[in-house]
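So that you can tell them apart, the chains are marked A, B and C in the order they are listed, and the count of residues begins at 1 in each.
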Amino acid sequence: MRLSRRQRARIFEAVARALLGTAAALVVGVAGFLLLYIAFRGIPGLSWEFLTDVPRNRGREGGIFPALVGTLYVVFGTGVLTVPLGILGGVYLSEYAPRSPSTRFIRLAVANMAGVPSIVYGLFGLAAFVLAAGIGRSVLAASLTLTCMTLPVVITATEEALRQIPADLRHAALALGASRLRTVWTVVLPAAAPGIVTGIVLGLARAAGETAPILFTGAVFQMRRLPDGPGSQFMALPYHIYTQVTSVPNWNRDLVWGTAFILVATVSAASALAAVWRSFKRRRTAW
Amino acid sequence: MVTGLRSAVMAVSAAAWSSAEEGARVVEETSPQGSGRFELRSVSVAYGPETVIEDVTMNIPPQAVTALIGPSGCGKSTLLRCLNRMNDELGNVRVSGTIALDGQDIMARGVDPVDLRMRVGQVFQRPNPFPMSIYDNVAYGPRTQGIRRRDELDAIVEDSLRRAALWDEVKGSLKKHAFDLSGGQQQRLCIARALATHPEVLLMDEPASALDPISTQQIEDTVAELKRSVTIVIVTHNMQQAARISDQTAFMLRERLDMPARLIEVGETRKVFTNPDDPRTEAYITGRFG
Amino acid sequence: MTHGRPLTVARSNGRTAIRRAAEAVATGFIRVSGWTAIVVLAAIAVFLAWNSVRALREVGVGPIMVGTEWYPTSHPGKFGAAPLIVGSLLVTSIALVLCVPVGLAAAVFLSEFATRRIKEAAKAVIEFMAAIPSVVYGLVGVALVVPAVKSVFGLDSGLTALSGGIVLGIMALPTVVSISEDALHAVPSSLRHASLALGNTRWQTTYKVTIPAASSGIFAAVMLGVGRAIGETMAVLMLTGNAAVMPRTVLESVRTMTGTIAAEMGEVVQGGLHYSVLFVVGLVLFAVTFAINLAADVVLEKQRKRWGA
């Protein structure tokens, strides 16, 4: 049977559409499956005791309270360091940096930082913070390491959010006699806040889930007490999952999946909240 | 077209033209800070290597409206930005010649553009209120100057909104977000914001070009009212608007793309529109180009 | 005639002087912060190199890079990292073979064929995928992929290069899909309209016009996917079995560069030879991902210029 050009084109169109659609459905399907599977496996392990008790019998029983608190400490430490540095860095790139090769160089460095493997950050943290700076394995050393990793996320988000703000708004403030710094601080940054906050939340959520950077910088297998300061070692949720699976024979499936669920749920809830807040704020500011 | 304004205009601009006779000038209400008179002498502007405006010499009389007209791309807005040194913020712009405000060279070494801009306010082409409340928008300039006392700010906000003819519409909702206002209201808010620092001069860059006819009318009424206390320089594309609201008109033209723009003619508005000295002005005004 | 407010220093009383000084300090802070990225990146390179010196001097670049025996704890230790490099390449290749076709096809569908709502929903789901921590991917792999590979191929253990590669491929999907979708999206629609107006179908337009126009961005997406896969640590550590020998098939256990650092750094003598060799491995990883990211960035920048976005 001979087909006309038109008919052939139409068949190709249908086949291509079907194949491409299948690929997209596959990707979305995998993501949806992961979401449901993690919930399905994780929810049975959840209980009040699980959230508030210390691990017992090498983690096969009890709860994950110290790991939960340890992760919160490290994320808090990372936030305290990353937020100011990242925002200032983004402000520099968007508002102060000249159009010059050196600025291009900085942007390249930011993009590259985002691509450095997390285990390399771990090595760097060990060599620079734990050993060279003499901080030792601790909440502080891990926070510093995670800060290096999170910084490019916050810098990029800040720069992009600032770029969305129309130049007119800056000029209006300057024309009222505001200095450049005051313009940025009172007009541009508040207007860009939704985008910046989203970037910070995404960056910190990622930091909360990272294992490799904290392997050698302060995370420990088990601790009965909570970290008592920035110099203390700590348990962390992702590291807890890793050590349970790889070094505890007959690890408790329910408890480990429960831990994974807590981690994923917290990270996704934070990102979702940030996204909702941003779209709520955006309705106002349709530049 | 301009009959209503004519007599006052003539008095003001005639006096303003002869600086020797300044003492005899009739001004209804003098701004407390100064008169707000600009003198431009051989002003040229270059973007990088390219000269875009060449050799503009003109006076801008106080408490009157000066319109800058000309086809798009003729450097009207660039010249306007020289008057509050906003060109400084665009980078790579060089201004030469002298520009004096009430006898002081604003481009002199040591002049802080921040001080200048508190005296020379600007209203932009599109309404650009800050994303904050109506009150905070108007209070922005005074707060920048360090005014913190609530009662003082309240008074400034009310006064500025009144002068911009917006007070009656927003007095009950000063905490409302500025973006909830209509486009015309937003532009009047921007005028109020610029007035809050008590500038002697207000620069307006096509302030009504993004607005509907009714809002445009309101802006024009506001301008007519404001010029009793403030010097106004307005860039406009709209010839009728220039004829309606200005006392003095300056016509700028870039004759060829590879040439800088020049000031072709400046004079009393009625004269420029009815009996221009230069044939190019006449051609533009009668709509033969632009 | 009174003169106006003076324009110069006369206005600056003590308070403005303090304000200006504070502003100068704050502006200085901002300028310094701008350079943090370069400082951190340079510090990483310096610390990796500094700690690698001992191994490079005592073992040498050649023996580390091409040596096939990795017995770091024997006496004397053997530090041939070739099996680790091959392991990383093997796992990354498997991941790419799985994720690039699917990821690109999905991106083309979302950008060129899907309705706005489907696209927004799909992007949200894919963002969720990107937010899952790698250790959780490892856990999912241990629960599902390892047993599946074991039973399908009738192996003694499912901890193989294939298991790691499959999970890594899934992990790299969000990067590949979202960056190539961005690249396709950046192609001006006037180009598509021109092609459609000539009587081309949507698919003809896509492969004749849109995909070629977005090719550099798609290339960058693949490169960044490679970078993500080669640098991934926890999932491969949990899934590949970590046998440091030259693999012959994808159904054998392999050990990657990242896995080696993660597994061994905890047990070495700080400052010792083994410690230093692990930094060499880290330096190699750093250099490889740096080169990949640089290439991707240069390509993306070129595309950004072309479409003026």
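Just so we're on the same page, a residue touches a chain if its C-beta (ideal position, glycine included) is under 8 Å from a C-beta of that chain, and two chains touch if they have at least 3 such contacts.
Just so you know, these numbers come straight off a predicted model, no measurement behind them.
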Innermost chain by mean C-alpha position: A
Maximum inter-chain contact count - chain pair: A-C
Distance from the mean Cα position of chain B to that of chain A, given in whole angstrom: 49
Mean-CA-position distance for chain C and chain A (Å): 14
Centre distance in Å when chain B and chain C are each reduced to the mean of their C-alpha atoms: 53
Where chain B touches two or more other chains at once, by residue number: 115-116, 118
Chain A, residues touching no fewer than two other chains: 179, 182
Chain C - residues contacting chain A, complex: 23, 26-27, 29-31, 33-38, 40-41, 43-44, 47-48, 50-51, 101-103, 105-106, 108-110, 112-114, 122, 124-129, 131-136, 138-140, 142-144, 170, 173, 177, 201-204, 206, 224, 227-228, 230-234, 237-238, 258, 261-262, 265-266, 270, 278-279, 282, 285-286, 289-290, 292-294, 296-297
Chain B residues touching chain A - in the complex, by the definition given at the top: 84, 86, 89, 114-118, 121-122, 124, 126, 128, 130-132, 140-141, 144-145, 177, 179, 190, 193-194, 197
Chain C partner contacts - residues on chain A that touch it in the complex: 9-10, 12-13, 16-17, 19-24, 26-28, 30-32, 34-35, 37-38, 41, 85, 88-89, 91-93, 95-97, 105-106, 108-124, 126-128, 131-132, 148, 151-152, 155, 179-182, 202, 205-206, 208-212, 215-216, 238-239, 241-242, 245-246, 256-257, 260, 263-264, 267-268, 271, 275
Touching residues on chain A, where the partner in the complex is chain B: 166, 168-179, 182, 186-187, 190-191, 284-285
